[in-house]
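Dropping the structures in below, format is structure tokens.
Across the two complexes that follow, subunit A remains constant while its partner is subunit B and subsequently subunit C.
And then the complex of A and B:
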């Protein structure tokens, strides 16, 4: 049987498509513009003549970035940070969320106290300078771990995991305990295998966070060689100091005046976001399930 | 239900806290600088033998490249310092641009300052007042070479005096070349020819040119798409704005947007409230009504205006001497017919127009007071002057310590206490290049760095001034060639003694710190409103009154006090 659509419904659908189409275009067009700018010559970019297709094709901006040692160093730093940060965050999230999910006071008497203990960190922070002082007094400044340890327990993820654990049937746990498993084994062998979906969500949150974080890199790292990619992207100063450009530099490297701030910025933004853009469509469904997951409770 | 209430309460708390967190930033900073006791440098200043080790905080340009095997702690400069002076530099913190200021704030807050630091003017005042800097008076007297002294005191010692507190020297300022901040009138000569006019020599002629550029289709494309004269939105910006500056236009009426100049009675007064400014704004309003200005100028910054210049919509604007490198360069690359030339600014009255220049002191090199070797900073400064800025330095020295001819890497970028050349060096170059081009001296006899520029210009001229294929040669030619901005205009400004210099260049006075930002905003809004006709020109008088009562008078008083205190020795 075919459901007949009323006229008003048709109009609604048409307008809906137009509206969503415009919304989608407004997201993708700036990126395309950036792409076109990054492949255009300096004069064209300076005259603001570039729209959605490169004019006077030039790869000078990419040559400039890829010829720079710093880009690779920062890229490696970010990869390391994402991998290590993911591992640390995920293991600590599970270790915190599992006990906090036991709301039976006979199992975990001080649960309330600990829940508040963790929740408070979500609402109150020491502020920039005191946090920096703590990190610097424990000698973490200029160390890789300054990027990992200060945010080692992501409370938002703990909340998601906690609610997910709570949602699992208690009888499974009781069965495991009856069979002689201790708490740790129950968590490891029963709860974690059952939570793969929410673990994927939390992983995605954590990975995206680590990929995008730039401010901690800026304040904790003393030398640009140690900047993660996003800090480097943020910090690159693209104003060429004209007084410092000499004719020799230009003779050796005629491209120097051919790259503009905007061209390099465009190229860098694309090079830095491309990896996460490629991964995103495949993980996006977990994002949606993950956000909904914690919201329904028994 | 109960948990929901708790959650709501919690969220409200979060919002309130995050709001208050935003406003609490300033407080902590003030606390930190107030507390000067117990500063301990994290560095080790042990003297092993005769080697002085210094930790350094360094501002990067973002363009540094190193030769194979070199890095910031091991390069031709650090090796030279170690061999020649026994000074070992450890660069512990380095960052680019604004990030550097952020790192500096963190270092000050955590009282973990390195030995040798580069600081902006505001932080210099704070650190010096808090007693965190070493007194350099004696070491400067003993160690500074004649060359360094002449570079630092080229302006009669006024800028160096800004680094003194109660007669003691606490830092080495990067002496600024104020000359280069004055405005020139840039005009597209191909458009001038097209409309059959000469370069303007007074305001009437300038208006005529502007009308022709606006309505006589100077680009010949048959479309109404050109503006008479280009301006951007910053009427009175802190660091000026080029292209599209207003200062050159205001100067036609004897007024300046943010200069401090002596009045008839000898006291220092703000020029942004001079009566001439009212006429200038009224004139701009008239031009706006005539359609000579882009109605969108109030939202366009210098970058946006540059786009208009590059794409051939603007053929006349006020700007500084560096314009051939930016917008005008893109313009000739887009359109080979285009050509630009700079002219002296014009006057609207019988008096000659006097361009204004500003000293923009933006950095000081300082030594932590806990450092045991404060004399190192002077030695390092000497080294840079000897190697790079000396007019006697040989081509070989420049190749070793300056631009490496093999790789094109500018090694001077990672020298410590690198004080850029003072004014007289530039002037010497321009004179030498001009003499070499006219054949008065042989190119071999002039300074090796000047010779490099000379060769670029010579090649450009020899190849028939082909600016399409040699836009770089065009840059140099317009910049320091015989028709260049510096030679033709700035030197003639100076020769005729009409270049005016704003006398205030210290860090903000106390009232400036609290009120200047809102006063500047008020000034800018009033100017733009009068130009665009949303306010009558008479609103200017009201603005002047408001400016005075809302803190302007206090600031004027403080500026006069600063002036008397700073220049009492030198006057």
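And then the complex of A and C:
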């Protein structure tokens, strides 16, 4: 039996589709606008004539950025921190989550103590200045490791992983122990292979975090050559100076005459965010489960 | 007998201690040692003297800070912006989740969700660059659209009266898609028999939403509300820092940006630490309060 929809319901459905469509568009249009500006000529940009498609196509902005050594240095720095940070964060997450997930007090008596030890750091912090001073006292200022070590243990990820481990049936652990495996082997050979989804979620969060991080680069690095990509982007966005383009550069590439501050910023923003934007749609199921696991408990 | 038991116990648990060891060391160095730096809040810090030879001034730094004319507005700005954000980030994702749930066409639903997540993945360094351009009063596309409708250009980022709302709205926009994740998961977890029972009782779709869906997600809404109590002083440093300017300090300067300027730029470590400590203590109390309430209200235990 077909149930007839009331007219008001039909109207609601139409409005709903339109409203959500506009909302979704609002999320991409700004990027499209910047994309258009970055590929437009100087005359068009200065006249504010660019909307959502390039006018008087020009690649000057990209030529300037990609001709600049600092872009590659920063890109390399970010790739390095993402890879090393992913490895360090993921390993430490597993190494912390595994023992803390053993809630049987007979197995691990000091568990409560360690849990409090880590949890307190989620609630209370020494603050910006004391943390900066500690980093400088251990000689990590201007070092790559300042981007990795201070936040090496990502507590949110530890919680996700810990809850996941707790949800695994105890029998597999008992079976492994009966077979003579010690805790390391159980963790490595039994728990980790079963946690692939959780590991993927944690990896995703960790990688996105490192890619997007800019503040630590700003305060810990003294030389712009050592800035990770987002810090470099932040420095350009806040103060790009068009007089940086020297006449020597113009002679080598007359296209650079078309460069505008807005074009450069737009191009750099796109270059820096595109990698993540291309990847995240395919990993939706991982971050969705991660968020749910981190907030909702059975 | 006791000796045997103790060494056996230790041998059994040693692997756990070893596993935790690296994390413990790193956490101790980078989280616990900074706690000791809090003493700077009670000293008159001169970089020339060593760490242990500073002059103790007790609460003088705090008294000085609270007497500064701009300081109370820093705290008020932080509270105002943070509370507006917490409300916005609670209300709008719920509404949008309910709307998304009403979409039948699976492809459209999936596409809308994917696109809505997009701003969450862009860092504020990049997003600020985007907003500075599109909200610009001279050439930005938002003002151009407003002008097409005959309105005057709005100084979204330069006008102190408007700035806090720009901050709140852009943040709500950024986290909207992400925020719907939890609520959509909760909505999908509602027992379908409730809907059937409602239908039998003659409820149309709207009544079903009102009487089945909404009550079904109230627990998670309450949980989110309660957990967000701890963030009442987190007005969003990364965002404000990249979007603010001296002309909007009166409404836009928040505790964290104030600490940054005083500490990293003016090198007044003592004052910056004092403000940081003030914020940490209040946040700590609120976070614990939030966790306790979460336990009472929704049985949610952090660990």
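We adopt the following convention: the second predicted complex is superposed on the first by the 260 of 298 C-alpha atoms of A that agree within 3 Å, B and C clash if a C-alpha of one lies under 4 Å from a C-alpha of the other, contacts with A are read in each partner's own complex, and residues count from 1 in each chain.
FYI, a residue touches a chain if its C-beta (ideal position, glycine included) is under 8 Å from a C-beta of that chain, and two chains touch if they have at least 3 such contacts.
Treat the numbers as computed from the prediction; the structure is a model and nothing was measured.
**Student:** Is A:276 in contact with subunit B, with subunit C, with both, or with neither (first, second, both, neither)?
**Tutor:** A:276: touches subunit C, not subunit B.
**Student:** In the superposed arrangement, does A:219 touch subunit B (first), subunit C (second), both or neither?
**Tutor:** both
**Student:** Touch test for A:7: subunit B only (first), subunit C only (second), both, or neither?
**Tutor:** neither
**Student:** With the two structures laid over each other on chain A, which partner does A:123 touch: subunit B (first), subunit C (second), both, or neither?
**Tutor:** A:123 contacts both subunit B and subunit C.
**Student:** Between subunit B (first) and subunit C (second), which does A:133 come into contact with in this model arrangement: first, second, both, or neither?
**Tutor:** After superposing on A, A:133 lies in contact with both subunit B and subunit C.
**Student:** Is the number of subunit A residues in contact higher for subunit B or for subunit C?
**Tutor:** Per-residue touch count on subunit A favours C.
**Student:** Looking at A:48 after the superposition, I want to know if it touches subunit B, subunit C, both of them or none. Which is it: first, second, both, neither?
**Tutor:** both
**Student:** Now for A:20: first (subunit B), second (subunit C), both, or neither, which partner does it touch?
**Tutor:** Once the two structures are laid over each other on A, A:20 reaches subunit C alone.
**Student:** Find the residues of subunit A that appear in the contact set with subunit B and again in the contact set with subunit C.
**Tutor:** 48, 119, 122-125, 127-129, 132-133, 219, 237-238
**Student:** What residues on subunit B touch subunit A, complex-wise?
**Tutor:** 10, 13-14, 17, 21, 24-25, 28, 32, 60-63, 72, 91-97, 99, 102-103, 106, 109-110, 112, 306-307, 310-312, 322, 325-327, 329-331, 333-334, 402-403, 405, 407-410, 413, 420, 452-453, 455-456, 472, 476
**Student:** Within the complex, which stretch of subunit A touches subunit B?
**Tutor:** The touching residues are 42-44, 46-49, 119, 122-125, 127-129, 132-133, 136, 218-219, 222-224, 235-238, 240-244, 246-254, 257.
**Student:** In the complex of these two chains, what residues of subunit C are touching subunit A?
**Tutor:** The contact residues of subunit C facing subunit A are 9, 12-13, 15-17, 19-20, 22-24, 26-27, 29-38, 40, 96, 99-100, 102-103, 108, 111-119, 121-126, 128-134, 138-139, 141, 144, 173, 176-178, 181-182, 185-186, 204-206, 220, 223-224, 227, 230, 237-238, 242, 256, 259-260, 263-264, 269, 272-273, 276-277, 279-280, 283-284, 287-288, 299-303.
**Student:** In their shared complex, at which residues does subunit A touch subunit C?
**Tutor:** The contact residues of subunit A facing subunit C are 6, 9, 12-13, 16-17, 19-21, 23-28, 30-31, 33-34, 37, 45, 48, 51, 92, 95-96, 98-100, 102, 107-111, 114-115, 117-119, 121-135, 138, 149-153, 159, 162, 182-184, 187, 208, 211-215, 219, 230-231, 233-234, 237-238, 262, 265-266, 268-269, 272-273, 276-277, 280-281, 284, 287-288, 291-292, 295-297.
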